[in-house]
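First chain written, first letter: the chains are A, B, C and D, and each begins at residue 1.
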Amino acid sequence: MSRISTHCELRYTVHTPTAFFFIVLPTQGPRQEVAEETLTLEPERPLRRESTGPGAHDFVRVLAEPGPLALRYDAVVAVNAYVPDRAPASEVDFADVPVDVIPYLQPSRFCPSDLLTRTATKAFGDMAPGFERVTGICNWVYDRLDYVAGSTGPSTTAADVLIQGAGVCRDYAHLGISLCRALGVPARYVSGYAVDLDPPDFHGFFEAYLEGDWYLFDATRMASVDGLVRIAVGRDAADVAFASFVGAATLDDKVVSTIDLDRTGPDDGTTTAAISTA
Amino acid sequence: MSRISTHCELRYTVHTPTAFFFIVLPTQGPRQEVAEETLTLEPERPLRRESTGPGAHDFVRVLAEPGPLALRYDAVVAVNAYVPDRAPASEVDFADVPVDVIPYLQPSRFCPSDLLTRTATKAFGDMAPGFERVTGICNWVYDRLDYVAGSTGPSTTAADVLIQGAGVCRDYAHLGISLCRALGVPARYVSGYAVDLDPPDFHGFFEAYLEGDWYLFDATRMASVDGLVRIAVGRDAADVAFASFVGAATLDDKVVSTIDLDRTGPDDGTTTAAISTA
Amino acid sequence: MSRISTHCELRYTVHTPTAFFFIVLPTQGPRQEVAEETLTLEPERPLRRESTGPGAHDFVRVLAEPGPLALRYDAVVAVNAYVPDRAPASEVDFADVPVDVIPYLQPSRFCPSDLLTRTATKAFGDMAPGFERVTGICNWVYDRLDYVAGSTGPSTTAADVLIQGAGVCRDYAHLGISLCRALGVPARYVSGYAVDLDPPDFHGFFEAYLEGDWYLFDATRMASVDGLVRIAVGRDAADVAFASFVGAATLDDKVVSTIDLDRTGPDDGTTTAAISTA
Amino acid sequence: MSRISTHCELRYTVHTPTAFFFIVLPTQGPRQEVAEETLTLEPERPLRRESTGPGAHDFVRVLAEPGPLALRYDAVVAVNAYVPDRAPASEVDFADVPVDVIPYLQPSRFCPSDLLTRTATKAFGDMAPGFERVTGICNWVYDRLDYVAGSTGPSTTAADVLIQGAGVCRDYAHLGISLCRALGVPARYVSGYAVDLDPPDFHGFFEAYLEGDWYLFDATRMASVDGLVRIAVGRDAADVAFASFVGAATLDDKVVSTIDLDRTGPDDGTTTAAISTA
C-alpha cells in the first residue's frame, strides 16, 4: 500500500453562463481509498457531486457565470495496488463474459478494434492467452510508437496512431485496448494521476479483464503501476475527459501534481508543473 | 396500440465449437409488451437468456457444436407507440442531463459526433431546440443520403456515409445520432423489427432525449413509427448486432418478417423474404 | 493587364547538410510574364534552377550547409488575367479530353473525388455543364466551409474538410477540385501570390478545364482573380509545396507580400506581414 | 528474354452512349517489344489509339452505342526482364532526382506516404539504402498482409490495408510504394500481365527508382519478375485502371490469360479463367 497525494488546478475564463462537468476525483473502491480531500471553487459556486458509470466514479457539476473560474482539488489517496500472487494465465471465454463487461469487447470511437482483428490475430494469435499476452500487446505498442507530445489531437484514433507511429499516453492506451478487444479480451480506458509522470499531467492507461478481474496495464512505461491513482473508467478517452462543458470558456492553466508520500530520499517523487494552454 | 407479430430465423453452419450471443428478442417495457413468444434451437442446445444494458434488453447465449444450427424466434408484441400530446419543444440542458444519459452525448465507433460539431451548428444552430429540430436533422439526412443496399459495410461510420451520400438504415441512424450529439442532444441507436420494411430485415433507427424522455426517429422514412418493435438500444450498431460469436460459423440464411395483426385489407402488412448470405 | 510586385522571404536554420527544393517563382506563360526578378540566397550557395511539370514551372534547388539560410525572391509580374468574352457554356466530353489533361480527372492524395461522386451528382447533376456549374461548386464550398486558420493540417483531405466544415485556402481548393473531378470536369491545384490576401501568405486556388482551356476559380472569395499570380500547378497541394527538403532544417520566418502596382488611392493594395513559425 | 502471349477479353452491356478508355495494351519500350497483336471490337466501332503518360503507354478510346460490346486483345510480347549485373547499392539523392521523377516522391490517392514517414523510418531507417532496402520493404509488406480476394475495394488506401492486414495485388503495391516514398525513394505503380497468376487477372506491382533506373518489385510473390508484362505506370492504381468510362455500362465478363511460350513440360505456364462480375 502507498499513500499518494494528488493535486489539480484548472483555471478558466468563462465567457457566457457555462455548464461544466469535471471528472478529476479519484474513485473510491476496494483498492484505493480517498483519505482526505479538499475541493474548492473560486469564486464560490454551487456544485453538484454525483456518482456514475462503471466503477462509480464521482464527477462534479458546476454552473459558472462569466468571469474567472478556478477549480482546485487536493487529496491523499491510499492505493493498494493489485499485485496478484501469480499472473493470471487465462482469459475469460466469450461464453462467460459477464453482461456488464460485454461493452468493453465492442469497438468505440477511438478504439476501432473491428479494423484490427487480423492484425491482432497475426501478431498475438499464437501466444497463450492471459496476462502474458496482454503484456505482449503492451510491448508491441511500446515498440511501434514514439511518445511525441502534440503528435495527436482530440479526434485521433488507435488506427491513426498505428499508421503514424507516434502518440501520447491516451493513444498508447487506445491502441492497447483495441488490440485486446480484437482478440476477444475485454479492455477499458482508465484516467488517473501518476507519480513520476514527466511532464506532470493527467495520465491515461488501460485495464484488461482476465480471470474475472480487471488488471491494469500502462504501455507507455512512464509510471510504475503502484503509483497510479484511478479517476474513472470508460470505453475510451471520450468517456472520461477531465472537463466537459456547454457554453463558452477558455482553459487558461492546468496544473497537476502527484507525490508518493511514502517515498523518501533524493528522488522525492515530486513532480509539478504548469501547462498553459492560453 | 397495435399487435405486431415478429419472426426471425437464423441458420448457421458451425465449423468449430462456437459461443453465440444473439440480440433478437423484443424489449419488455412500458411501451411494448411481449404477449407470446417461442424460441427454438435446432438441434436443441442449452441456452442462457440474460438481461443487460440500458433498456434491459434480453439476449440469448448458445454454445454450439459443429454442424448446422438454426435459431427461430416468434413473438406477438403489443406496441403502445409513444404519441405525445404535443411535440416536446425543448431539449435538456447539459447541466440537467441525468448521469445515465451522459454516455449518449459522447462520440462512439460509428457516430463520430466530435467531427461534426461545426457542420451541425451551421445547419441547425439557428433552429429552436426540441422535437422540430431533431425532425429537421432527419429531413437533412434523408435529403443527403440515397438508400442503396450494399453501399456500406460493417466498418462504415457516419462521416463516411455523409461523404459518399449513400447508406442503409443503420447509416441513416448513425448520421442522425451524430448530428444530435454534436448539438448536445443525447441520442442512441435502436435495433428492431419494422412492419412494411422492403426488403424485410432487421431495422435500425434512433432515439433522441428530449424533455426527460426518449423519442423515436427514423430518418429512412421506410417504416411508420407505430410499426416499430424495439429490440435493443446502444451507443451505435456495434452494441446491438443481432448475432456475435467467437469460434467459426457461417450465416447461411436470415429470414425476418413482421406483420401488423390489426391491419386488414389488400395491403395486409405482411413482408417476408429470405436473404441468403451463403 | 496589371503589374504585380511579389516578394517572399524564407528563413531557415539548417541543422545538417540539407537538399532544398523551392517552388516560389511565378510561371512564365502566355498570360503572365515576369518582367524583373531578383533571387538571392544568404549566405551565397550554388543553386540550380530547373523547369518542370505541367505549366513548366521553375523551381530552385539548393544544397545548404548547417547554419542560417535565407532565400529572398522579388519580381514584377505582368498579369494578363484571362477574361473570356463569354463564360464557357460547356465542359469537354470525356471522349475528347486530351491525354495530358486526363490525370486531372483522377483522384489524388488530398482530392478523393472517387468518394464524392454521388454527393457531387446529387448537388450539381441537374445543372447545365460549364462555367456556371463550376461557379455553383465554388458557392457550395464557400457556404459549407468556415475559413479558420489552423483548422487543418498537412494531411487533411477534401473529405475531412467537408465533414468538419472548416479549412484554409488549400482546403477550399481541394474540395472544389474534388467535386469537379467527381463530375468529370478536369481540375487542378494552383499555388500563387494574391493581392489583398489577409493575412498575406502564399495562396492556393484551382483551375477547371472547360472548352479546351483552363479557367481559374477561387472558392475562398479572398482575392480577386485578376490579382492572382500563378506559381505552379499540380494534382493537389502535394505537388506544389513552396519548399521541400531532405535533411534537417527549421523554418524560422516566412514573409510574403504582394502589391498591385497599378492601383492607386487610399486602399493601396499593399499587404505585408511576418508569420513566425519558430 | 522470354516470349509471353497475353490475352484479355472484356464484355460489357452498354446502356447509353458511353465513352470508354481502355488501358490493356503492353508498353513498347527498350525492355519489352510487342511482336504481334490483334485488337478487335465486337460490334465494330471506330477506335482511337493514343499514347500518353510516363512510359508512353498506349490506350484505346471507344465510343460505344447501347448494346453488347466486347474488346479482345491478343499479343505476343518479347520481354527482356531487366536483370542487372549487381543489385544497385544506392538510392538517388534528393538533390539529384530528375524533375520528371519527382512526382513519384509525392503522396497520391492510394499511397499516403506522408502518413507513414515515422513508421518507415523506424522500420527501415537503419538499413543501407538501395536494392536491399526495397527488398526489405517487400518482405515487410508480405509478412504483414494476407492475400484475401475481396478484402479491399476501389477506395482502399495503403493505410487502410496496413491496419486491416489484408489486401490484393494492388494493395501490396500501394503499401510498398508508400513506404518507399516515405523514405525518399521514388516509386510508381505498374499494371500488367503476369504468367502463373492464380486466379489469372491483370496484375499490379511497383517500381522503385535506384541509381538512375526503375527497378521492378512484386511484394505478393505471386509471379516471377521475368513473367511480368508491363502495361502502364502511374502514381498509383487510379492512373492505370484497365477501363474507365463515362456513360452507363455493366462489365459482364473479364477474361485474362498469360502464357510463357518458351516454357515447356508439365507446368506449362498456362493460366486461364473467366471472372464474372455480372
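One rule holds in what follows: contacts are C-beta pairs under 8 Å (C-beta built on N, C-alpha and C of every residue); 3 or more make two chains touch, one makes a residue touch a chain.
In this text the structure is predicted, and so the values were computed from the model without any measurement.
At the interface between chain C and chain D, two copies of one sequence, more than half of the residue numbers in use appear on both sides, so the contact is built from largely the same positions.
Taking the CA centroid of chain B as reference, the farthest chain centroid is that of C.
Separation between the centroids of chain C and chain D, computed from CA atoms only, is 31 Å.
Note: centroid distance chain A to chain D, computed from Cα atoms, is 46 Å. Per-chain CA centroids place chain B at a distance of 43 Å from chain D. Of all residues in chain C, those that touch two or more other chains are 115. If touching chains are joined by edges, the resulting network of the protein chains shown is one closed cycle, each chain touching exactly two neighbours.
Inter-chain contacts occur between A-B, A-D, B-C, C-D. Those residues of chain A that touch chain B in the shared complex are 19, 21, 50-53, 59, 61, 63, 93-95, 99-100, 102-103, 106-109, 111-112, 114-115, 154-155, 184, 235, 238-239, 245-246.
Across the complex, chain D meets chain A through its residues 115-116, 118-119, 122, 144, 146, 159, 162-166.
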